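After this come two complexes, each holding chain A, first together with chain B and then together with chain C.
Our next item is the complex of A and B:
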């Protein structure tokens, strides 16, 4: 290939990378500017701590923040072991054909619209949770996080499988030729060499868990309260934004959703930084 | 010399899908000898080695028929028996690959890795055996001061000797070597040749090689693999 063409390609890629990075910064700036009135008045910290009670003039988002934290963390807690087992099965333990079939199923799952998962949640999971725990409507933190786990698992599984498959064949042959079985290949060679992909999968899936709106909106019940048990209804920041956005532009309710956006943005950024730092510490230890 | 038989192969057929690689191979391999297998690349020499440690079973579409018996502790064992686990077999039949394949860990952990796989935990006994294995593979003097360094930092020849040490630590009775010097310069290759001749006392060695001169230097028996058959070749010794 001609050199100038190579250079051009490089330029184009650099520009695209810069643009996407810049968009992220712009979104932050946008949220900051529109949320500025709240920030200047020092109301933001009040908003984080206050309850939501428009009639008393309180527009706090603490219940929604807690709803988001509970549902996304619990969702991850359900999804992680599930995805881990699933991906180990697909890339290591299952017979080749069955593994290939499972992989196709998981790929298909990533393409299913979220609203379909929401439907399934309403008609299957909500009644089930209601029956099993004998109380409430069944629309609660538990139901939403279970469904969320199903939603984010395919992402996790595909990332994990991708990482497991990228471990060089020669390593696996070395272990097999030395009398190691599949489980030993997995524990001693695949896992230590695939943790970067595992980490990327976790970052991405957690982002999806935090940002998902529809599941929580449809099956978490949307009650404006800080849930005190996983069987209580909750509202996430995202669901809150979706619910409030229909109200009057000048209302204080409407202004509060910028605080929601800002909080969500900072929270997910903090989580990504945290996970990546853990990864960096591990990486240094390895060397 | 009347060497007792170590490996007995009868009516061995092997194919990938419809393509036959081995056709009705019948072979006796004597104990404590070096047997070399020559032939053009892609003819199935590596595949043949893999029939002796059952590594072929990981290859999709591969089919094997026939008997492969190896004498362990005076008794012949059909290695493809259903209740004979491949992991047990591979602890007695070591293999060294064409491209050195140390694992991404330290030198000493690479060598002791098979012991870990076999379930050994005692650190002190391990260190002794690591030293013994490295000495047998002519590598000890070069690495004794940096056992905790990453194995991937070693030179190609050193990496290959590390892989030999790793295969030797389980004290295998048979060692399979798939063109072990082809990725190395001639000096590193010569060191490995010398060490292989030295291993004859404790092991039965099978080596796949491209180099006529190498084969003539070290092998006791030579076969050429052609059209799925083993043809005995003269040895100039």
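Our next item is the complex of A and C:
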């Protein structure tokens, strides 16, 4: 091929990569510019801390921030032990056939649309929670975080299993040769060797939980308040963005959603930085 | 480590595994139980005859047909936008980028992959407002939605292309070069054909992401009633948005049932795409998880 063609191709590929990277910056810039009127004069922290009461002119996003934190933390609290057990089952304890089947199911779960989880949540889980706890509408922090746990478990499980499977076979054979059983292999060899994958999986799944929109929007009830119990309704940052979008473009309510967007962007960037430093500190190359 | 503790651990693991299976069976089973009866031609085409609807001779009012056409249109457009840029960037990352540049670009792509889809929707919305100031004909529309969805899946396509190229055996990468091929010849005639299955399954997973995503289109132009989209710059209907809309706004039992039907159809589309991708290449699903 001609020399100029080589050069041209390299030029085009480079420009594509730069455009892709530029989009990352562009998103941040757009959020910043549109949110600027609220951010000027060091109101950023005030905005994070203020309550939401438009009648008094306060457009703080603290209730939404707390809603996001509560729902995703509780979701993680449900998902973590569940995923831990499932992944140990898949890679260590289950008979090969069943483990393979369970792994397939988990992989398939990553492909289920979020909106379908939300839809089933409204008509199956919400009435169940309402019946069991005898109060409220059933749309609450608990319901949303239960469904969220189903959503993020596959991420956790696949990361855990991947880490467990990467522990060299010879280590396990060594334990077996010393007379150790499967449970001992798992606790004393696999876990200590796989915790980097476990940590990455946890951080990534938490990022997913923070960024999920549809489940919280559809089944958390969306009341603007800092929930005082898990049976109360809450609104997340993501749901807030989806709900306010229809209002007047010049209103402070409208501008507050860009503060939400900016907060979410920074959260997710922090997640990436965390995962990368887990990879960097412990030497092995991140996938 | 007492025997008792080990037993407890194993029992706990089995309980977790069965609980997960029970949860997912309940979710899908409930959907099929409630909605399977409604999945038929009437659900899709309403009272209009399928032939008339497909040829766009008549409008479909009481069916999912416009939403399905909208979803197909928005997915095709966005994957069409994302493929050239994504694959080119992926090739650059695998074959040209070195050292610090590669690390920095990789960092940007990871951040982009982690941005929640609602934030990308918000970006698309802001972009629409910005463009509207300069070209007054631009509103949130099919065009804006597909651009935003393209941004959403761009990092997928970049990374799966990059990994497909990088994971080729070293001998395959070097053989053409050793015979005197240039870098570009090597890429075009050897590396890309050899890694096509990896690239292709990445693209299909990206298609699935586009089809299921609701948060982006919610902010960038999907509406409940628009009919079959007439132009790039018109609002449109889409399956995931329809499901979301029906769940909160259904007026009667029949509309609610069509919501179940729409969920089943969307689920089938996503499952189908997923199976195609995993048949093309096993194990690639791992990468699909880099996404909020």
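We adopt the following convention: the second predicted complex is superposed on the first by the 235 of 287 C-alpha atoms of A that agree within 3 Å, B and C clash if a C-alpha of one lies under 4 Å from a C-alpha of the other, contacts with A are read in each partner's own complex, and residues count from 1 in each chain.
Assume a contact is a pair of C-beta atoms (placed from the backbone, for glycine too) under 8 Å apart; a residue touches a chain by one contact, two chains touch by 3 or more.
In this text the structure is predicted, and so the values were computed from the model without any measurement.
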item: Which superposed partner A:175 touches (first chain B, second chain C, both, neither); value: first
item: More chain A residues in contact - chain B or chain C; value: C
item: Partner chain(s) touched by A:184 [first = chain B, second = chain C, both, neither]; value: both
item: Touching both chain C and chain B, counted on chain A across the two superposed complexes; value: 181, 184, 188
item: Touching residues (chain side chain A, partner chain B) in the complex; value: 96, 170-171, 173-181, 184, 188-189, 192-193
item: In the complex with chain A, residue positions of chain C that touch it; value: 1, 6, 9-10, 12-17, 19-21, 23-24, 26-27, 30-31, 34, 84-86, 88-89, 91-93, 95-97, 104-105, 107-123, 125-127, 129-130, 151, 154-155, 158, 163, 182-185, 208, 211-212, 214-215, 218-219, 240, 243-244, 247-248, 259-260, 263, 266-267, 270-271, 273-274, 278, 285-292
item: Partner chain C, residues of chain A touching it in the complex; value: 1, 5-6, 9-10, 12-14, 16-17, 19-21, 23-27, 30-31, 34, 81-86, 88-90, 92-94, 102, 105-120, 122-124, 150, 153-155, 157-159, 162, 181-184, 186-188, 204, 207-208, 210-214, 217-218, 238, 241-242, 245, 249, 257-258, 261, 264-265, 268-269, 271-272, 275-276, 287
item: Touching residues (chain side chain B, partner chain A) in the complex; value: 53, 55, 58, 60, 87-91, 94-95, 97, 99, 101-104, 113-114, 116-118, 163, 166-167, 170
